[in-house]
Amino acid sequence: MKDVDDKFRKNTDPVPMREELKPRSVTTPDGQTIEIEPLRDYFCDARPKVHPKAYSKIVEDFYNWARSNSLWILGFGTGCGAIEMRPLMTPRFDAYRYGIQWRPTPRQASLLVISGYLSVKTLKRAIRAYEQMPQPKYVMGLGSCTINGGMYWDSYNTIKQLDDYLPVDMYVAGCMPRPEALLHGFMELKKRIRSGKAEGANDYAENFDRYKANQKAVIKDWDMPDYNW
Amino acid sequence: MVSPLLILVAGLGAAFLLGLLRDTSERVAFYVTVAALGFMSFVALSWTVSLALGQVQPVDIYTADARPPFAINLRMGLPEATLASVVALIGLLSAVFMRRDLMRLGRQSMAVLLVLIMALSGLIMTRDLFNLFVFIELIVIASAGLVLLSQDTRALGAGFKYLIVSQVISILLLIGVIFTYHANGSLNIDDIAATPMGFTGASLAMFLVLIALVLELKPFPANGWALDIYESAHPGFSALFSAASGTATLFAVLKLFEASGPDWAPLATGIGLVTFVGANVLALAQDHGRRLLGYSSVGQIGLVLMVVGYGADWGVGLYYVAGGLLISHAIAKAGLFWLSGMVKARQLTDWAALRQNPVLVVAFATFIAMLSGLPPFPAFYAKWTLVHAMAEYADYPLMAIFLIAALIEAAVLFRWFGMAIKREATLPLAYNLSHETVVLIAMTAGWVLSFVWGPLSGFDNLVTVVPFLFALLFLPLDILPARIKNVIAIAGLVVWYVTSTGGLDPLRMIFLTIMVLGGALLLLASFHAKGRRMGFYTPAMLMFAGMALLVTSTTSFQFFAAWEFLTVGSYFLILRGANSEPHALSYITFSLGGAFALLAGFAIAAEGHYTFYLEDLSEVAPELAPYVFVLLAAGFLTKTATMGLHIWLPGAHAEAETDVSPMVSGILLKAGLFGLFVLVMEMGRQELYGVDLTVVLVWLGAISAFIGAVLAAFQEDAKRLLAYSSISQMGYALFGLALMNHLGWLLAMMFAINHFVYKSMLFLAVGGVKERTHTKLMYKMGGLITLMPYSFVSVLVGIIAMSGVPPLSGFGGRWIFYNAIMTTDLRLPMILIFMAGPVGFLYLFRLIHTIFLGQPKDELRKVKEAPFWILLPQMIFVAFLIAFAALPGMILQRVDGYIGTLFGDRPLVWTGRIIDSQYGTWNPVAIWGVIIAVFVTVLLLLVWMNHNAQRVKQFNIVFSAERPFKPQTTHFAWNFFAPYRKAMGFLEMPVSTSFWTGVSNALHGTAEFARKFYTGNGQTYAVQLLLFVIAVYLISMGASS
Amino acid sequence: MNLVQISLATGFLLILLGLYGALTNRDILRMIVSFTIADTGVNVVLVAVGYLPGREAPILDTIPVAEAASRITDPVPQALVLTAIVIGLGVTALMLAYAYRLFRARGSLDISEFTELKW
Amino acid sequence: MTDFPNFQWAQVGYALLTLFIVINYGMVMTAVVRKIGARVGGRYGIPVWQNYVDLLKNIALRSKISHGVMYYLGPVFRLTGGVGLLMFVPTIYGSEWHQNFSYAGDLILALYFVFFGTLGMALGAGESGHPHSAIGVSRGLAQVTMAELPLALGVYALSLQYGTLDITKIVAAQQGSIFNWTLFTNPIATVAAMIAFVGTMMRSPFDVAMAPQEIPIGPPTEYHSSYLALMQTNRALFPVAKVVIYMNLFFGGATSWAEFAIKVFCLYMVSVVIGVVHPRFRVEQSIRFFLKWGLPIGVLAILVV
Amino acid sequence: MMREILYRLKDRYHFGTPTFQRDDLCFVTVKRDELRAILTELRDVEGFTHLTLLTAVDWLEERLFQLTYLINNREANLTLGLRVMLEREDEPGATTGDTIHDLWPTAATYQRELNEMFGINFPGSPRVDEEFILEGWTDLPPYRRDFDSLAYSQQTYNDLPGRKTHDPRDHMKKALYPNYLKEAE
């Protein structure tokens, strides 16, 4: 057990904004000068909305059933767990039979699987991918690394608790969890969806400021809009 | 009447009078000189007018009251009077032009000038051989004296070389004269003519006389000395030397060749042709303005000499043709030399200084047009007559050489003109009011001459053709603001359209509508232009005039004149573009080349008859018909930019101004198509060496359609892309036309209409974008859809229409195409057409995607929609396209009926708005109905489901992990079809370009090499001269034995 | 070989001599002299062509006008020669003037040095 | 109403019925095909109703974005292209009900209308601003330039053979015996057309336009929710509509829905079977493939007919 | 083989005592100013054409950085590690090594990493000052031993309450031999 050095104080200097994102003047073909503020001009700056459920419960249940039986996973592997996902496509586990498929673009995915430790750098990408997925969307964390840091408990660059940053619907414990455990996790997630409790996206929208504060606390060079549409 | 002798007397007398004056009274001396020249001009002019009006008869004046051979006689007939007028007037104007230098050098120089003019007049009038010699020697002495006027020290050397050569010539001439006298017993030209000497070895004397006189005309290649004079002498003198001396000497030659009889004529023809060709080729390598003028003089005089020889038995016709050429050359060349006096620096590019004074630019253009034989100037009629005469005698090789040389000459001149319009001068214009006045008088004289010459031609007087006059009207109007001129132009076009539609068949009607009414529509976009827009309306209206005349023409002459009008007008229009100089040059070169092919074709078809009705093309002699077909087709294919003859098009269309591009693409190409229509309608199928020429056309069309499309897909420049697409589309039209069946022609017609509409629309849209973004490169744009929605809509409609996707009108073209090919035996060319279709998608999608879709550039984030006036015609086109797609019958049915009368069949059945063919059905309304119904339903469904979509910015896109930070780096645009290029890039090999570049380089190389022949050494020149004489003698003896 | 033939031969010899001299000498003055020689040759030829054996010079002071046509030689070449001589003189003078100006301008009389203008 | 001969509102009903049948058939068939593929691989595979669930899920998504008007219209164009294509082609030979609106045009209309959806989709994908979309479109268009060629030639040969461009007449000419099918009367044209068929079905080896491993997933990268639902519908409908054309032209058409189902399935399986055993071509490879095989066969077809 | 090579070179260069881990793997300390010459000769003459690795060790107590250049001769299957000692400066970037990117272009990447992770600068190496793996890192270079990773982690990332951490040795003993431990007590 390593001793903690009490004298150590981490540096809290702010990181300067990337050159590309700084406001700048551009000369138009007409010779006029216009101001470009990249983060405002390039991106939509709307906040995420809390989307209500369907008017009637029957419809919402029906929808939830469809959602649970059509889990489209974003093909995004973060840690060692990415390798545990691959067997799910093989004849031995065959996740397809449960309506689970992989999509290459966040726009078409409804489930983000954080498959292992998440370095700060990857976290940034994961947040972006998550925010770009359409609602309702679900997050599943794999392995102890996403739960409490796992073996990266003293790493300088790895987050320890995923749900500080993203609304997690389901954790699958293990280091790493085997594909069977993953399948079990999916089944549990399906139940949760069907029961209408998997409203992580709305949670995220409701507590947007808290999530953002947490995210920005660890991602020092925040170089994207607050919400990635 | 005053005695013509007074011309000589006045000159000499004034010269002597000058000798009596004091040295200091230059001013008085100058006025005496001008007065004398004025008097000479007056006498000559009064004779000209009286003779022309028939008030007096030609007179012969005998000196010493004796008859030849014991006395000299002078003659004053109409040719003599006219040329004497020209000489005297040029002398007068040159004197005014040279005022400062004449005053500087004092009365002696003025006396010399007077003597020169006197001698030239004498040379024109005299009928005595020895007198001829005397005048020539006087001219030599006077000229050598005037060369000294120049402040260029090099002129001294040039003058001395001139003297050396003159000495040699005078020796030859004197010997010739004396032996001629010995043989004939008389020195009188008429006496010699009475007993012509055969062209035999014994007639060496005659040969010497003739060759000595010809040598005075600076024949190629024995003319290095003359070029040096042109280059270094005072421009006022060069004007005299080229215009007046050349004219007078040529007339002397003409007299002698007339006297010597027909046997000698080939000598003149041969030397003339060689000179014309040689001078023009060598001129290619010149970048010195005055030397170029010198080459041009030599070439032109060579041309007249050739006419003298060739037209020996034309009688009055010879005087008409040669005179026209000679006088217009004299005016133009004098004008140009005078202009060169106002341009201080010597390079061709320095003529850009003329731009400071638009009137001088007009004058420059006039002179260039006069020299290159463009309508309505006399040389145009002369060219027409000459080529027809050659056709009559079936001298086809001669015709080919002549036309090629004429083309080279035009290329040289227009290259120069392009430089003057587009380059930057190193020195400003040396403006001088009297100089400008002199130049303007020359220009006016040119126009007056055309006006006088036209009626004499026996054809229409082109100067008085209404559309042409309308175009000219804009010259004085150019001081008005562009908008007012635009209103006048549109009104003029509409009025012309309304008044000239009567009696046209539907085919011509549609072409006329596209060309004139379409032009008016496109001119709406010109309201966008600010300021005065000098020099736009005259060429534009000239082009439209040409097209209006083209469609309504009935004879080959009218057709050809109209063709030249529209070519020249469009050339000036294209030249206005920002970087268009080289493209405009290649355009005019190819176009004139095509025009000359037409000329040759018409001439051969007419077998020398000057008036030839277009419908008589169907009755051309069978053994000539295929060649006529080939020539005419080549001419028209140049205009439609068929593969191989296309290399002028992309640059010309791409570099033209925003509103000019649609004119030259949407409208001008139709002129070629119209020509082809006339051609195949009248001539039908022709076979050459067992090959059906229409099949060749089918192949050419198919190749153009395919390669044009492939090349379009590889362009980065939006307007170039559209330009290549035009090549492709014209390929389709040509293909349809050459199928030689009803539906094929209907297809061509459909493409003519469609291509006009959507290409005009696209060019305007792209032009509008360019107005805002200041670039044509597509990869520098992107994401403009939200900023320029209307432009986007017009491009969208345009590309759907062009790609042939239902329901827009391009589909109609495809449908007719399929029906047309069902009835033809040709199958293989279809493959290329089939390939071209989908390739069309490539470039069309690229066009719309890289400009309007994708990611925007920072600097373009705030651009505005294209200007209203550029959008307006586009929106009209959009409306038309949709209407035409839904109700194609409103236009096509009439054309279909008309074509039916030609073929006597009826492959399409029009039931209401449904069109049935033997093979299938096209129900445009039902297509629209179904598509709109489905589209609206699906759209409503989507809106119902996704009405609450969050509108996001363009850069809110998903990334894999790393993300770009600037949208422009994410715009996928450059080399858009890289994979396609990998597979099909071999088609991009610039075969045609290499070929034509090779031709051009070879010519330039030849010129560059050959001009080294002129070493600058006076002795060498003299040797060359002697060798030339010997060579000509040997060749002509060999030819006659 | 009569007088006419001798004169003609002499004349042509002079012409060729003159031309040869003019085309081979680089010195401008020599060229001018050569040209005068050639001119003289031409004049000799002119006279020779007009000569008719046994006739007199066409001076009508001594010969009755009525007999003139049969007794005098052809007067035209004689007239021509006079004119030609005058003109030749004029041209020669001009060439000399040029020679002077050329020498003033360039300090040389070598024809091969005045070749700035070419091509 | 002369432009709509014998138009009755019932026709709209029949057309909708055709549409309903074809969409459902397409949905189930594609699922079955995937299931077969899974079984071959030893997997259980998706449930046959998976397509419906996916469709429903996509429609049920709550948050949507739009990149602009053309982005919005892209899927509309796409589905209109598919539905329209079906509407312009007679589905069942001899059935009054299922001639749809084929009187609007002939074979040429169908052939060119195929591009309607492609073009609209390409434009929509273009406005999404994603470079992968543009790259996918670039690849797809480049490939289709050559892939369509053998079909064009085959169809030309075929229409020369039958002397008509009318699909119904072409089908009629093939009735009677299986040996009247174009497949037997004009095998070369059929082979040429089938090469084009395989090339345009967006299946391996000609699926480089949406190659998931390189440019995930090509043109529809930015599409989701109901946009994607429309496109999914089209993905079920469009191949069937296209197969219907091939069936009508080369395989005797269908006189009943049962025959229709079997023929469409078999034809569809051609591209599937080829797809599962061939790796993907790059664009220039497939272009060369079509130049080397498709073009000569097509040329042969139009020369021998 | 390896010994022969070292033998050939030792006359001209100063080598420390070679450490042979295997016959084909040997480490040797060289002087910094001779490093470049040795690497060049090994690459061009002795066939060590491949730079396998360039890494560093922080000898905090000795105030040294050790750079290890692992080079490989593919044909003879030999791997040679050259160690170079640099004076360790506390200020990141103050310690500078000699860039060898002109010998092996790949070295630039390693050097960039060393700059980021150890603060050893390599002036002249391409893009050496750009971020390599870390984004927006402002603290000490994290591979330095005077950077306390645990403290940093605790001050930056939330711990899940209730997490227990065991000493692996004790934990495994307890898990495997519960009785033994009990008896020992």
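Order of writing sets the labels: A, B, C, D and E. Residues in every chain begin at 1.
By definition in this document, contacts are C-beta pairs under 8 Å (C-beta built on N, C-alpha and C of every residue); 3 or more make two chains touch, one makes a residue touch a chain.
Computed from a predicted structure; not experimentally measured.
Visitor: Going only through chains that touch each other, what is the minimum step count from subunit A to subunit E?
Guide: Each step joins two touching chains, and the minimum needed here is 1.
Visitor: Between subunit C and subunit D, which partner chains are common?
Guide: Intersection of subunit C and subunit D contact lists gives B.
Visitor: Once you count every C-beta pair in contact for both, which comes out on top, B-D or A-D?
Guide: Here the pair linked by more C-beta pairs in contact is B-D.
Visitor: Please identify the chain with the largest separation between its CA centroid and the CA centroid of subunit E.
Guide: Most remote chain from subunit E, centroid-wise, comes out as C.
Visitor: Computing the C-alpha centre of each chain, which chain sits at the greatest distance from subunit A?
Guide: For subunit A, the chain whose C-alpha mean is farthest off is C.
Visitor: Please tell me the distance, in whole Å, between the geometric centres of subunit D and subunit E computed from their C-alpha atoms.
Guide: The computed centroid separation for subunit D versus subunit E comes out at 59 Å.
Visitor: On a C-alpha centroid basis, what's the spacing between subunit A and subunit D, in Å?
Guide: 37
Visitor: Using Cα averages as centroids, what's the distance between subunit C and subunit E in whole Å?
Guide: Result: the chain centres lie 107 Å from each other.
Visitor: Taking the mean of the C-alpha atoms as each chain's centre, how many Å separate subunit A from subunit B?
Guide: 70
Visitor: Specify, in ascending order, the residues of subunit B that touch 2 or more different other chains.
Guide: 950-952, 954-956, 958, 967
Visitor: Provide the list of subunit E residues touching at least two other chains, using ranges where the numbers run on.
Guide: Within subunit E, no residue touches at least two other chains.
Visitor: Find every residue in subunit C that makes contact with two or more other chains and list them.
Guide: none
Visitor: Mind giving me all the chain pairs that touch?
Guide: Going through each pair of chains, those in contact are A-B, A-D, A-E, B-C, B-D.
Visitor: Note which residues of subunit E are touching subunit A in the complex, please.
Guide: 133-140, 142, 147-160, 163, 165, 167
Visitor: Which positions of subunit C touch subunit B when the two form their complex?
Guide: Result: residues 15, 19, 22-24, 26, 28, 31, 35, 38-39, 42, 45-46, 49-50, 76-77, 80, 83-84, 87, 90-91, 94-95, 98-99, 101-102, 105, 111-112, 114-119 of subunit C touch subunit B.
Visitor: Quick check on the complex: what are the subunit A residues that touch subunit B?
Guide: Residues 18, 20-21, 26-30, 32, 34, 36, 38, 41-44, 46, 49, 105-107, 125, 128-129, 132, 223-224, 228-229.
Visitor: Residue numbers of subunit B touching subunit A in their complex, please.
Guide: 772-775, 858-863, 950-956, 958-959, 961, 963, 965-967
Visitor: Considering only the defined contacts, which subunit A positions touch subunit D in the complex?
Guide: By the definition above, subunit A touches subunit D via 44, 48-49, 51, 54, 62-63, 66-67, 69-70, 72, 75, 90-91, 94, 96-97, 99, 101, 103-105, 107-108, 110, 134-136, 201, 229.
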